[in-house]
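Each of the next two complexes has chain A plus one other chain: chain B in the first, chain C in the second.
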Partner chain A sequence: MALHLTTRTHWTLPIDLSGELPGLLAPLSPSEVGKRKLLVGREQVDLGEIFSISGSAGDGVVVWEGDLSTAFGIGHLLKEGQVTVRGSVGSYCGSQMKGGSIVVEGSAGTSVGAAMAGGTIHVLGSCGNDVGHDPRRGVGMTGGTIVVDGSAGTHVGRTIRRGTIAVRGSVGEGAVMDAIAGTVIVMGKSGRNAGSGMRRGSLFLLDDAPPEILPTFQRGRSLKPLILSLLLPHLASIGFKIDPSFAHRDMRLYHGDMLSLGLGEIFSVHQGDGE
Partner chain B sequence: MAEPTIETPPTVALTDHHSDVVCMGCGCLCDDLSTQQRSDSSSDSADPGMLTILPACSLAHEWFAGLMAEDGPACLVRGRPVSIEEGTAAVRAILATAKRPLIAGLSNTSVEAQREAVHLAERWRGVLMGHASPVAARVHRAAQAAGLVTSTLGEVRQRADVVVLWNADPVVTHPRHFERYSLHPKGRFVPRGRKDRQLIWIGSTPCASSELADIKVIFAPGRDVEALSVLQGILNGVELDEKMVLRQTGVSPDVWRDLSTTLRQARYGAVFYDPNLSPESAIHAEHDARALMQWVTLLNETTSFVFHALTEGGNGSGLEQVVAWTTGRSGILDFGSGVPTVLTDVDSAQDLISRRSVDAALFVSSDPLREWEPAEWRRLGFIPTVVLSNSSTATSSSATVWFRTAPLSYAAGGTVFRSDGVALRVRPITSSALPSDEEILRRLVCLA
Partner chain C sequence: MKLGPTTIRESFAEAFGMRFTRLIVTAHDEHWLEAAVREATGFATSVIACDVEAALERWLPTGETPDGRLGAAILMFGFSTASLADSVTRRVGQCILTCPTTAVFDGLPDGTERVPLGKFLRFFGDGFQRSKVIGDRRFWRVPVMDGEFLVEESVGVAKGIAGGNIILQCINSEGALRAARSVVDALAPMPGVIVPFPGGVVRSGSKVGSKYPKLRASTNNAYCPTLAGRVPTELHPNANCAYEVVIDGVDEPSVAGAMAKAARSAAGEGVLVIEAGNYGGKLGKFHFPLIDVLERFPG
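And then the complex of A and B:
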């Protein structure tokens, strides 16, 4: 049976949950879990004061329930096990995680999967800015997969080196900005400056609207991106289904950013000249 | 119980004449002003009209007029006049019970006071607003990401033969900028002043400054990054799609090429950018500033160019420097865990208060309620607030504890930093019995 931690009341002050990993909580009894200290503002508070506790994390599963929109760092440095959040979470969910999986059934704050190296994150709602990017250290994700069923803010996949991000809704400005490599799929609209400064990597824009491509990208040929036929089953396996026909549709390829290394690719289902 | 000593500072008349006075009314931070109290003013020193400021500048007059405080008690606790000792005790009670106090609004005070504020945030493990405004933070982040080639404004004055204004209107926002730094002064390498300089204005909305320009380039509104990508592409020899350039920037590629040629021929160029010119430019400031900085860096491969942001008045530059040298960080800092952690999910004090993620607030020499929506006003009413300010404002009137402090550059001295990082010593032009921000903050630090 999973360890269930349910918020007792709504907290407006930030709660640091970065140390509460399934592996650490697994050998503890509920009363021992309740005595763990959490940083709330500047004070150390017993976990049991904030959450009601039931079950055990012996099977490597931790379920957080309630409004955790002020809790940051859930799943920070996660290596194994599963974390489920039945509600919304704050910033830095899954930051620097190396393995395991996180499912957020609500929305997530900024920097989801910041600089993550492995594992999967599935957000059923929307995300804030800097998905996959850690603005404190200026580094992006180096592995793993993040899928978002809602929309995401600015700088999705900024400085991404490896790994995959897929967003079903729209994204804000500066997607895959300064990307070193990696793959980002956006099914909704993309904001301005997508791909600015990208060296390598791929951005798929699957919306029918004309994309806003920077003038320093060069229009390439139209082709069928067969990589999607490998990628889409992987995304489907973690609960993010995309119409498989996309893998067989002609897409317009843009090469760039020519101000950088210029080996990046933007694929757009819109065949026009771009906006 | 003995009645507390209520300190009512006397009004002190201005001395006759002061020279080399620093004005903090805009980002120029002019330090060559002269002030003279008019002879008919002895009866009422609080009348801003009684102070003559030379050279005449509307922003300087407005700045000094705003500093002339009315008489009143040095400290009020919930509207009741008390001694400063009682006031500091009340602040201690507030900070001791708060789980996450906020210290904000530090951009109009001295470096010395800012340093004490950082110590206060560290001692009470609170949250410190380490930048002057969200826009200033965006430009700062852009500089961290792209790198910044810059100089002092004195170097611009002595060397620059090409001055580029990118979406900037210093004639209105920084009235003495042309006169002191960028266009008119005669410098060592530009001995004829304006005649040796070329003024280039690039932007989307023509303004008073663009009327003075030798070359004007007007591009489509909100397309700064696209325009700068084109300019960088030309410098890098990138093959550009001519139709796409025209469609995205509204300007022919030939115009951009001619402009690039002109800039490459400059001996020394300076680019000035105003992120606060319009709400639109403020929102996109991080991307626009980053692209500008990258462009200036590229220009330095063939000639010398420097970048300057036209900042707002006050000592925001000093705040960034103080926070950097005392904590090694920049931006909004949370000392809750005992070490400074940069908060990246909030932009302003307003964000923190509207989310109720702070439970006490201390504002130094600022009036945030003046700019806030009524909803945030009400939220601020839920938490105890401490205000250090020289005059009665919406924020001070609703404060739990209000220390009336001597205003910097009028009745208190200190150090401030100009936007180019040059430190200026500010001397008061009148004396005051009121304590300075620094003195009050030091008392509060000692309480911890």
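And then the complex of A and C:
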């Protein structure tokens, strides 16, 4: 049976949940879990004062319930086990995680999966800015997969080195900005300056609308990116299904950013005006 | 022992421990898939003189391939992991990379060892190659003239067995060809085995050594009908044609099961004797007594 932690009341102060991992909570009884200290605002508070506790994390599963939109760091440094959030979460959910899985049934704040190295994060709602990116350290993802059923803010996949991000809705400006490598898939509209400064990596724009491509990208030819046929089943395996026919559609390729290394690529299902 | 009118001679196949890998090849359509498979498994009948023994294991429908296209599973057997690594890279590089629309994936992810594939072939991209890590597998995208060649970074290698066989002794060549083809057809859907010789059949069964010191193998004169009467023969008095079907498999049960199925599918009118070939039993680690495998794998 999973460990269930349900908020007792609505909190406006930030709550630091970065230390509450399934592996740490697994050997503890509910009363021991309740005595763990949390940083709430500037004060340390017993976890049991904020959350009602039931079950056990012995099976590696922790379920957070209630309004956690001020809670940050859920799943920080997660290596194994499963974290489910029945509600919305604050910032840095799954930051620096190395394995395991996180499912957020609501929306998430900024920097979901910041600098994560492994594991999967599935956000059923929308996300704030800097998905996969840690602006405090200026570091992006080095592995793992983040999928977002809703939309995402600015700078999705900024400085990503490895790993995959997929967003079903639209994203703000600066997607894959300064990417070192990695893969980002956007099914909705993408904001301006996508790929700005990217060195390597791939951005797939699966919306039929004409993309805003920076002039520092060079227009390439049309091709069927076969790699998508491997990516899509991988995403489907974590609950993010994309029409498999995308893998067999011709896409327009853009190379860039030529102000950087220039080995990055943007694939767009919109073919452009031709040459 | 009898299978219908056919005598099953008490004999055993002598087989050898080898290393093998399984490649999953996909392509845009059947035409290019067959072309790639044909090239990649060419000149790969016997390690007596070829670098590997290789053949099609089975065709794969779209639902069984990593990229959702038509595919084929190829098995390649070599003496060692090192020799297999060299051969696989060369064969994929020259025969599949060159073939329009193809891609190559690891068909043995649980193999005990791994050998590089895309890790080396990527250099053909001359710096324009790209890699993608999906899950825990790395793939390379090498730019080519029709788009990209997609290839997995490495492929798994495991221990297998090469040299299972049966020999058919028949009244005439027409009946022998018919029986041999029925064997190959029966083995085609079996997973885990290949018949690497032309059309799956050998007419030049060999013995170890030769009167010529430099030859490692020479014709098995005891089974040559044209030599019967001149040299000691193993042929049935009424046999005028013999064929051998050599079977390589991923493990002992696969080879044994295939030998049993092969013998059953060959037995019938015109097939006088079915037996298994060996080199005296001192060379190969694996022995497959034909009657024993028929009893272990009843039809």
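The definition used in the following text is that the second predicted complex is superposed on the first by the 272 of 275 C-alpha atoms of A that agree within 3 Å, B and C clash if a C-alpha of one lies under 4 Å from a C-alpha of the other, contacts with A are read in each partner's own complex, and residues count from 1 in each chain.
Just so it is clear, contacts are C-beta pairs under 8 Å (C-beta built on N, C-alpha and C of every residue); 3 or more make two chains touch, one makes a residue touch a chain.
Note that this is a predicted model, so its numbers are computed, not measured.
Undergrad: Should the pairing of chain B and chain C on chain A count as a clash or a fit in the superposition?
TA: fit
Undergrad: With both structures superposed, pick whichever of chain B and chain C touches the larger number of chain A residues.
TA: When the residues of chain A touched by each partner are counted, B comes out ahead.
Undergrad: By the touch definition at the top of the document, which applies to A:234: first (chain B), second (chain C), both, or neither?
TA: Touch partner of A:234: chain C, not chain B.
Undergrad: Determine, under the contact definition given at the top, whether A:162 touches first (chain B), second (chain C), both, or neither.
TA: The answer is second: A:162 touches chain C but not chain B.
Undergrad: Figure out whether A:244 sits in contact with chain B (first) or chain C (second), or with both, or with neither.
TA: second
Undergrad: Mind working out whether A:100 is in touch with chain B, chain C, both or neither, as first, second, both or neither?
TA: Touch status of A:100: no partner.
Undergrad: Quick check for you: in the superposed arrangement, does A:87 touch first (chain B), second (chain C), both or neither?
TA: neither
Undergrad: Check the residue A:143 against both partner chains and state whether it touches chain B (first), chain C (second), both, or neither.
TA: second
Undergrad: Applying the document's definition of touch, where does A:42 land relative to chain B and chain C: first, second, both, or neither?
TA: A:42 contacts chain B only, not chain C.
Undergrad: Note down the smallest distance between any C-alpha of chain B and any C-alpha of chain C in the overlay, whole angstrom.
TA: Result, nearest C-alpha distance in the overlay: 18 Å.
Undergrad: State which residues of chain A lie in both footprints, the one left by chain B and the one left by chain C.
TA: none
Undergrad: Using the touch definition up top, name the residues of chain A that touch chain C in the complex.
TA: Chain A reaches chain C through residues 143, 162-164, 181, 183, 200, 202, 223-227, 229-231, 233-234, 244, 247, 263, 265.
Undergrad: Please give the residue numbers of chain C that touch chain A in the complex, ascending.
TA: Those residues of chain C that touch chain A are 66-69, 103, 128, 130-135, 139, 141, 147-148, 150.
Undergrad: Any idea which chain B residues touch chain A in the complex?
TA: Answer in residue numbers: 98-100, 124-126, 141, 144-145, 225-226, 229-230, 232-233, 236, 238-241, 243-245, 247-249, 284, 287, 291, 294, 334-337, 341-342, 344-345, 355-357, 359.
Undergrad: Under the stated contact criterion, what part of chain A meets chain B in this complex?
TA: Residues 12-14, 16, 39-43, 70, 72, 90-91, 109-111, 128, 130, 135-136, 138, 173-174, 178, 192-193, 196, 213-216, 218-219, 258-259, 273-275.
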